[in-house]
């Protein structure tokens, strides 16, 4: 493996990092920041695509940072799962950034929305690509603090209220993760996930592995918004700018889910039985609670927030089953959910913009008034409900199939019931917000002029939303690449030898060093 | 020999630290207590720094110890001034045996301006001391 | 001129601290010190800088007073009965420079039984809390002839 | 020695939980602070304890002595401390802003984002 | 002589530790007791000084002069903390005076 | 806070603190210290300066917005990690130069640059936060 | 074949454009495609009639065996032809029916997409592909029913259809996947080739129930029959196409398709006959009860679907033939009648049976179509409907079946006879009634379809050989899964079926004569009853109410509740496993170490004070003391860097906290009563205790410090630093530090963002208050 290829693992993180740093250095110059943001996200997308291509052709790739081999140094490693999710995340981030630059006012850009978004992307990509569990914690924190900053941009009262709940609960979650990592280190003496893989298995029988696994489930489950640790999400996701909600919904919980997959497939491939058993029921409850929550809500943004939760249940359900087919479904669902959650929040933002509010009871007439929005919303919503041939359909099929195969009928039922409730929900929202006419008791769609048209025109917003809606359609119709990718990811998760080998053997040229070298180390 | 000197300095410093603690504990009002803290406390800490300097016999350590000492000596009175002023403004009670208070009435209503005394050698305003017993 | 001096001293200090007097290290120290001074440049604009001998004399006086001070405080603190008589005394300043006033106030605080509480807004008067005062004028005279004079000698 | 520190850690966790369960923002902040300290100590103890020998390669040596304290947890804690501090600062300012805007530091009274429904909700059948 | 010196140093250190612990206890009493906020700040400032002394002695007893820098840093930030607290008390006093002054004029009006 | 004593003492104190902070930063590789601690001391210096001299003076002293300093520190740290690509090494691989005129010098390396980045980040971010809190008295 | 299926989708997307270009002729332009499809499918008639089956397959997701495979046999071909043939006329009809409507293009788009979905559904061989198209029909139907979206009733009907058929669809998905797993294949042709594999599988019952859920909801079987009449809110072309001729038959199609694999068991027979029979009777009664033309037709559609299910349930060859014959007949006459009803509505402005009369002369083509179709529906010779009905009776009277089956069939058919005459004749005879519009005949497009279908009903009756050999026969063979002799004829002698037909006609005529009275009587009888339509509302209300109560219980809006649950979960996670597995802690009496003890005590005390003290100043200071205590712990145990950092950080935290708290007027009282205090303390003790125990357990075993040894060996030699901790931070694990400083920087940015908007907000407030003052 050439050194340059290994750098591909670094760029998806380094580029947004440099972009964020540059944008912050350019403080007070929003236009320059926007340019930096666009270039950085584009480059991130390009490099992560290149990474995925490389991984697809050559198998997992890793780089030991600083040339210190894992488990001593920190290694970044990309297998199909990590690279694929990085691609999905950066593609969606690109759309969201474009949307955000058109949707937000200059004051938000002055307050640093671009560097915050870039930092969030850095954190997310870092979490997807790191092979070191403490480093994972660091990326969680990067993501978290950026999300804090994004959450409060605008400083409206409900934002601050939501942010208080969001911040304290999420801080607790990452702290619990840190505790779990520390205790794991205290047992095994190592931090590299590849190294942990063997060391955890080799622990004596009386080591409290079960408890540690549960601790990981609690902390990562909280990040992923698993029932009953999901409260922070509905408390806050609906309050920030639509752009921010979109990227949150697309990425934050997925990082939790992804980490659950990594931790339970690589660190605790065996063991953690209690945690796995708990995961089944927690997943089912999450699906149902999320779907019911969405049905109960009267604010369209909160509805969308809750659908994120039920999606998390579905993903974790697949992980709990743990078979290849189930992991395929989970991986596919993660990618699907990244796209569609972003699209739905963007749509909700545009609904608020054109409809003059977010209360479902007040909204009406958008089918006539905003047909493009209606179509995009419907496609995204139906994809969420798992209606074929949209992207959400396939993971549902695989998860139902996998749960039937594995005899996990509770998960089958959960997936189907939550799908049903979501379908009902999407139809209902569509009927109320889009179909219903103003005469039926709801507020008339106010003329766009009273609400201030987006600074860059609605075309950009439509373009970004349309791109994601089209993406969920294309992934659904032309599913084979994503399925193949998810299948490969699932297989690699179940047999992570190549990943582990790549991590532990990453730098070939470490030893060629010495204090006596006159100029350059290594 | 350096051990002996160092030990001695430490001993003295420890005594001052103890004195400061006792002073803080039993002295009657905040201003008086501040005397103990700023003088004995600073001396206590400062002497330990000197002891390090003596003990180490390393020019780098000595320099740093002296730098630290200078810093302590610079900051302690500044801090005492800030605290003393704040205490006076917040109307901390003066010990009953405080017999002169030239500050009385010198701060303006909201406490932001402090008037000076007109003469070169002002006559101190004697405070009424309540009769003990 | 003075700033340059300070800068050089700081660079030398740097050499001491980093344990290396090589030219490159000293140059580096100089640059560093320059940057540090530059950051706080506003306060240095019109400042007369120190005169070494008088400063040393002042320092000597100060150390002497400090030790005395420690002793007196210890005595007052540890005495079983508190017989001292505190007072807040106004002291009319003759010093005019800010540095001088600051120095005086600080030295007063660090020495026996006195503590600078505040300076009047017009910089004319220093208010001193004294731990044990019988005659405020004696206290004033001590300061006038001791620290204030030495400081004037050192700075003005 | 681990025993006494483990008990201290447990005690600090208990305190932070108790504080975090209160409804007052300031107490929550104090709870977060205590939680951070407890966690850092936990990492420290997890890495086992060594008295008084910092992980330095002493002058004249090329390799650290065998009995120095375990440096890795220390580095991890340093990272964690810095991160906790940053988050703490943010939380603090957030709480202040929340107080400014919401006029309360009692989280029970923070009901803007999740208000109690003021209008009769739509029925399921309504479309 | 050298032996005695070392022994003396050890005993001094032990005494210093003891003195400081006692002093800390007394200072904490003042911190809790008050009565004015300024008293508590003085106590806190004193604790920082005791901490400097403690680290210094620890540095001597272990021979790790590296700790000296910790002591210096404590001096620096201790001062910062004291300034901050002093300002806190000062502000409180100013605000109280302000309120009182306003109340007085209000009564007159 | 309007105090002549504090104001007059501050330049000296802040200068000392800044010097000490840089000393701690550069010495960190061999003894306790480093960019983070140094940065905190530096930030404390600016905090004191701001308290004593007022916010405007402190901002003037820093010339650029503090947060931009933090950004440039982050940039420096990131770039010092990326530079190793030119030498065919992995990300964040330390590159050391031992110049002929001062073969003992241990400061010419990307590792130290990285630590300087840390220092700048901490100074910038912490002062930025403190200044922002100080605003609108 | 794939192209044929997808073409309607592609054209559908273009429909709005076509509309824009072709204007009112869009219908004509677009109808070319279905017409072409008819021709395309017709080419298979010969081979299929000759017993061939054809397969077409394109890979979709090859790695998982999902392909776009199509399978043409008698059954799928019959459906495909009906769909494209009727579709041709429907597209024409729609173009005229919605002439000038702003959304005609959109309508035609949905319609064509529906056509494609339906074709895909009946032609798919792969279970997943089948399901894909199945769901697509639900979605397109949702959009079509809701076409008149400004009416609340339309929206309700659309959502209802979506909920019912979508819910059934999910069950079907599970059933299909279960079936695929049980049979070990994804292709229906493989799965159904040997039905015993499925029938003997332990999952058979589950598969059956799930598949039936799908079929019954789609084909509006009792108790899911209510959505279909409601769906009549859609424009008539939709009713004619989706809700009579095609989509609602998807369920029937599914049952027919599955018959070789799932049919033949007792439970299959009984279930289908019971539900089908009940649907037949209920639908017929409801049809008679109504007076709206479309509703009456809709209810008879329900009844007919019931009859079809009923016949498939019987499962004997004759019944199968009857089912296929009836299906064929029904598609023609019902399609025609719906279009007639639509034309009448279009021409008069009303569909109320008792306001319509005497239209025959004004609308001659429509009347002719109506009459012919009604005759076929009523089962009179020589229409194909007669043959179908005869075969129904043949099927029920087949040797050995209980007579009650025939009775059910007669009841249903008699009712439908009455309805047929009411709908097909009543409006066209007698004196012209009083209608909202002045009645007029529609354009060619409006009647050509109905007339063609009606005439074909007659044609296929007269030329029963054609229908037998090309349509019904091959379909029946496909459904039966076995070779069978199919021989359709009009007159087979005066046998039992003819008797049954006579009884049917007699009762039917009576009902027609007493139509109004029967309707009123039924209304009195039925209307007060609770029905599933009301049940649907209650279900929706209940599910939303349930959602609200669940959500309200969980998402209370109180942070401390969230914290409480979180900590309870945490406590459970760390306490329970340790309790069950036993705590592996070995307590060692700690050595007496004055420094450690006093530092720990200081930390303890500071922590305790933070918790209990009510003065904010002291609490903050205690926090500082606690932090200092921790720093000293670090110092004592050889971590000067940590102590250094901890001291700095703790002090700065205190400073910032002071800076902030100065502005908060209150400390915030701890409102907790003694009960809550106890509870919270208990949770705290549980969490803290469990973590301490865990920590002790872990530290009880030796730690592998290989990593640290590595660092110690290389710190100076390779990384040129003596401070190992710092070298770890800036070199060995520099990436952590990079992330960490990113956190610091972003924290700064976030705080700035947080504070940037406070001035703005107050400005907003002042603007708002000014606005209030001067409205």
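Each chain gets a letter, A, B, C, D, E, F and G, in the order it is written, and its residues are counted from 1.
Just so we're on the same page, a residue touches a chain if its C-beta (ideal position, glycine included) is under 8 Å from a C-beta of that chain, and two chains touch if they have at least 3 such contacts.
Just so you know, these numbers come straight off a predicted model, no measurement behind them.
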item	value
Pair joined by the larger number of C-beta contacts - B-F, D-E	B-F
Central chain of the complex, centres being mean CA coordinates	A
Centroid spacing, where centroids are CA-atom means, of chain B and chain C in whole angstrom	14
Computed distance of Cα centres, chain D from chain B, in Å	36
Averaged-CA centre spacing for the pair chain G and chain C, given as whole angstrom	84
Whole-Å separation of chain centres (CA-atom averages), chain A against chain E	48
Where chain C touches two or more other chains, by residue	13, 17-18, 105-106, 116, 119, 123
Contacts with 2+ other chains: residues of chain A	17, 20-21, 24, 65-66, 76, 115, 134, 138, 141, 145, 148-149, 152, 155-156, 164-165, 168, 172, 179, 183, 186, 191, 234-235, 295, 428, 431, 435-436, 515, 521
Chain B, residues touching no fewer than two other chains	15, 22, 34, 42, 64, 67, 71, 74-75, 77-78, 81-82, 84-85, 112
Touching chain combinations (by label order)	A-D, A-F, A-G, B-C, B-E, B-F, C-F, D-E, D-F, D-G, E-F, E-G, F-G
Residue ranges of chain C touching chain B (in the complex, touch as defined)	13, 16-19, 66, 69-70, 73-74, 76-78, 82, 84-90, 92, 105-113, 115-125, 127, 129, 131, 133, 136-137, 140
Residues of chain E defined as touching chain F within the complex	66-67, 69-70, 72-73, 76-77, 79-80, 83-84, 86-87, 90
Footprint of chain E on chain B - complex, ascending	1-4, 6-8, 10-11, 13-15, 17-18, 20-22, 24-25, 30, 33-34, 37, 41-42, 44-45, 48-49, 51-52, 55-56, 58, 61, 64-65, 67-68, 71-72, 75, 78-79, 82-87, 89-93, 107, 109-112
Touching residues on chain F, where the partner in the complex is chain D	30-32, 36, 122, 125-126, 129, 132-133
Residue numbers on chain D that touch chain G, as the complex places them	1-30, 33-34, 37, 40-42, 44-59, 61-66, 68-72, 74-79, 81-83, 85-90, 92-97, 99-101, 105-108, 110-111, 113-116, 121-125, 127
